[in-house]
Structure formats: C-alpha cells, structure tokens
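Letters A, B and C name the chains as they come in the text, with residue numbers starting at 1 for each one.
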Amino acid sequence: MTSHPDIPTSARLTLVLGGARSGKSRHAEALVQAHPAPWLYIATAQAFDDEMRARIALHRERRPEGWITVDAPLDLAGAIRKAEPGRPMLVDCLTLWLTNVMLAERDVPAAVNELEEACAAAAGPLVLVSNEVGLGIVPDNALARRFRDHAGILHQRLAARADRVLLIVAGLPLTVK
Amino acid sequence: MTSHPDIPTSARLTLVLGGARSGKSRHAEALVQAHPAPWLYIATAQAFDDEMRARIALHRERRPEGWITVDAPLDLAGAIRKAEPGRPMLVDCLTLWLTNVMLAERDVPAAVNELEEACAAAAGPLVLVSNEVGLGIVPDNALARRFRDHAGILHQRLAARADRVLLIVAGLPLTVK
Amino acid sequence: MTSHPDIPTSARLTLVLGGARSGKSRHAEALVQAHPAPWLYIATAQAFDDEMRARIALHRERRPEGWITVDAPLDLAGAIRKAEPGRPMLVDCLTLWLTNVMLAERDVPAAVNELEEACAAAAGPLVLVSNEVGLGIVPDNALARRFRDHAGILHQRLAARADRVLLIVAGLPLTVK
C-alpha cells in the first residue's frame, strides 16, 4: 500500500458526498487506506437485480488486499458499534442503506437517530460515503421526493457531526468542511 | 437572539443556493438574524396541497420571535420595494416564486427583470434563497426543462448583482462569491 | 476583444463543468478569449428539433468575431487532432458528444479513450465544456442511468488529465482543481 502524503489522516468522522460516478467511493477508499490495514468495509448494497450485482462485483474487485467486508443493508448502526475500536472503517453507502430502510418500511427518523449516535460514538477513523441527490428538478413521484428529503436531512445531521465533509466532483474533492 | 460571530454581516445582497433539504433556509435565516430584529420574511409559497401546507407550517414553526411574515407568491418585486429601508429581509424562495409566475402564465423575462431591479435597488441586507435544480439528468417533460432554464438564468442574473453567493451542501456553505 | 486580467491563461487543458443554464459556456468562452484570436469553436450539437436549433442559434449569435466554428458531433478526437497547434480551442459540449456517440451505437469506452488521448496530446489551450448531470435522483429509465454513468467516468478521466477543473454555479466558478 502506498502512502497518501496529501491526505490528512487526523479526521475521526468524514462524510464524502458526490454524484453518480463522481469517484466518491474511490476517494473514500484512499482516505481509509491512508491508515494502517486491515480496513473494515461496511457494505450496504443489496443485489435485487443484475445491474446491482454487477456494480457490487466491480466495487469488490477494485478493493485491494487488506479489506474485510461486512454486509449491513439494514443494521448499519449495529455494524459500526460492533467494529473493533480504532479499526479504520468505510461505509459505502448511506443512500443505499436509506433505500433499504425505506423499502423495509422501518421508522426512518428513528433509524437516522440510531445511525447518528453510532457515528458520534465511533472511535474512528470512520468514512461515510453518500450520494448527493438533491440538485436536480423535483421528482414526479412522491416516494422519490420523500427519499430526497430523508437523504438531505441525513446528510445535514452527519455533516454537523463530521470533522471533514467533502463533495467529490469529477473525481476531485471540494472541501465543504 | 444569540450573535453569530462567524457570519459576516456586511453583505447587502446575498444569494443562498442549495438542493432539496440542504439546510439552505436555516442558513439564510441565520444570516438575516445576525442583524438586529425585527426581520422581514417574504414567503413565496402557495399551499396547493397537504404536502405543501405541511412544509409551510414546519418553516413557520421553526422561525423564532422577531420575524414579520409577508406573503408574496407573485409580486415579489413589489414586496421588496415596499419594505422599510434597512430592514433585514429574507426571500424564501425564488424557485417557488418562479413556479408561481409560470403557472400564472406571466411573462417570465419581464418578471425576472423587475425582480432584478428591485433587488439591485434594495438597501439591504437582503438574503435570497433558491433551489439549485440544474445538476441532474435532462428532464423528460418540456415544462420542467423550461423551468430549469428560467431558474438557471434567474440565478446567474442575481448572482452577478450579489455581494455574496453561497452553495449550501449538507447544511454547510461553500462560498461561490 | 477586452483582456480578462483575472483569468489565468496558463492552463493547457481546462474542464468546465456546470448544470443547465449555469453560464458554463459563457465562462468557457471568456477563458478561451483571454488568448489571442482566432479561436476554434468545436461544436458537438446536432439539431434534431426546433428546441435544439434555437439553442444552437443563440449560442452562435452570442459569439463575437474571431471565432472559427467546426462541427464535430461524433469525431471529436479527430477535430482536436486536426487543429493547428497552439490555436485556442473550445469544445462545447462533451455531454452532447456523448449523447451522439450513444445514439449512433458506437463503442463508448473506445470513444472515451480516443478523446482522452487527443486531449492529452493537444498543445492547448483547450477548454472542454460539459454538463454535470449526476447530482439528482436516480433516473427511472436505464438509458438515462447509463448516460449518467458514462458522463461521470468521462469527467473523471478528463479531470485527471486537466490542469484546471471548474464547477460553474450561477455563472460563477468554483475551483475544483
């Protein structure tokens, strides 16, 4: 593993936001890999169809040796709490987790509260990846609007807790905090 | 009202852009509340359905004592011109106003010109909130595309006039100008 | 042509990203016009309908004397390679080119590779304009999702090669790189 001299390693909690195919996962992985291995990869993806299966496989293939993968499509807070203190962790991604919570008809505000508490209590370094989805035209269907609202509030809550917030544009980080 | 030592109070005209649930209203309110009360809240929302009514109620509840609310779904320029000079003002939000103008089949470029002139002539401090809607995929329907175009041009025009332009991401401001 | 004292002219390759009607074309034109005329305008637009024809006409009208327009809806790499070395060039825009490549059922990764090589080999100054389309809700239809993916990867590849990457918001540049 090469070192990343330009990536600060001091942040306990980092939120990495970005659009579709913005390079946010890759950037977040580099942030985690700036710490000593092994690294914990907390995956929230659930493969409902071939398109998702292909994306998950691509993400797994790209990760080098040193990663331990844990699946947490719903109990993300639990997975964060169970991690060994000080183990560098990546959560990829919050918007898929939120989708899973909504599809399972769980109580979203309660789940967000629980996640926020787990992130606040984590020793870190913990890097959270999420899709920014609120900068397009208002969606036609009510479910998409509710998803957008929940995602926006989730991001605000975690950004307030984070030491570092990045918006990835074309693979490059804009520092928001 | 607590003071906001990290928020500069010198800007006459501020444009606060952001996505859905990005925290742009809350940030804009704090910018206005950094000035002495009372503050003028110019609301452009029209409640056509329960979803809108709930959003409007939520926004009103969150505002502390010291706010005077004026409704201006269409004659936004008039509401700005009528305000007492030097009274801190918040307009929330421009995209709802633009929606109203389009639904009422008014002349959009003429309305934008009139709004731009009223903002340019205002003594300030005047804070304008608007949704950034142009960073998603091209919408299927022509009305949404026209809305996006009008919103983009409106933002460019007001940003050129503004002393300060912020893009709110996850509740945090990116300084654009 | 007036000079633009605040626009650095040293960048060989610049990527200008922005949303719909964000002012990205206008900003990119100013970057190119900071160099001595004549300037090469490489247009990728194809007019399939009246809406497109009106947009193309508007863009052409706004360009002052000194611009030489070349159409390259598909062979964009070829147009860049054929340009006289050192001639200031503007490509407007990459997302329209990508649309054309997809509609013509060409091999997208091969076309992206060829474009990347042509940009890397260009003497410059070369300014590339493209729409950021990945920051909204996931589109319903698979073609739009594929387009978004291709656009995101294209932007990452060119941003990695670029000396300067800007995100235009309300007509104003945020420096990403």
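Criterion: a residue touches a chain if its C-beta (ideal position, glycine included) is under 8 Å from a C-beta of that chain, and two chains touch if they have at least 3 such contacts.
It should be emphasised that the depicted structure is a prediction, and the values quoted were computed from it without experimental measurement.
Arrangement of the chains shown, judged by which pairs touch: all-to-all, with no pair of chains left without contact.
Interface residue usage between chain A and chain C, two copies of one sequence, is largely distinct: under half of the residue numbers at the contact are used by both copies.
Taking each chain's centre as the mean of its C-alpha atoms, chain A lies 31 Å from chain C. Looking at chain A, one finds that residues 19, 132-137, 148, 174 touch two or more other chains.
Listing the residues of chain A that touch chain C in their complex gives 18-23, 51, 132-137, 139, 144, 147-148, 169-172, 174. Listed in rising order, the residues of chain B touching chain C in the complex are 15, 17, 19, 132-138, 142, 145, 148-149, 151-153, 155-156, 158-160, 165, 167, 174, 176-177.
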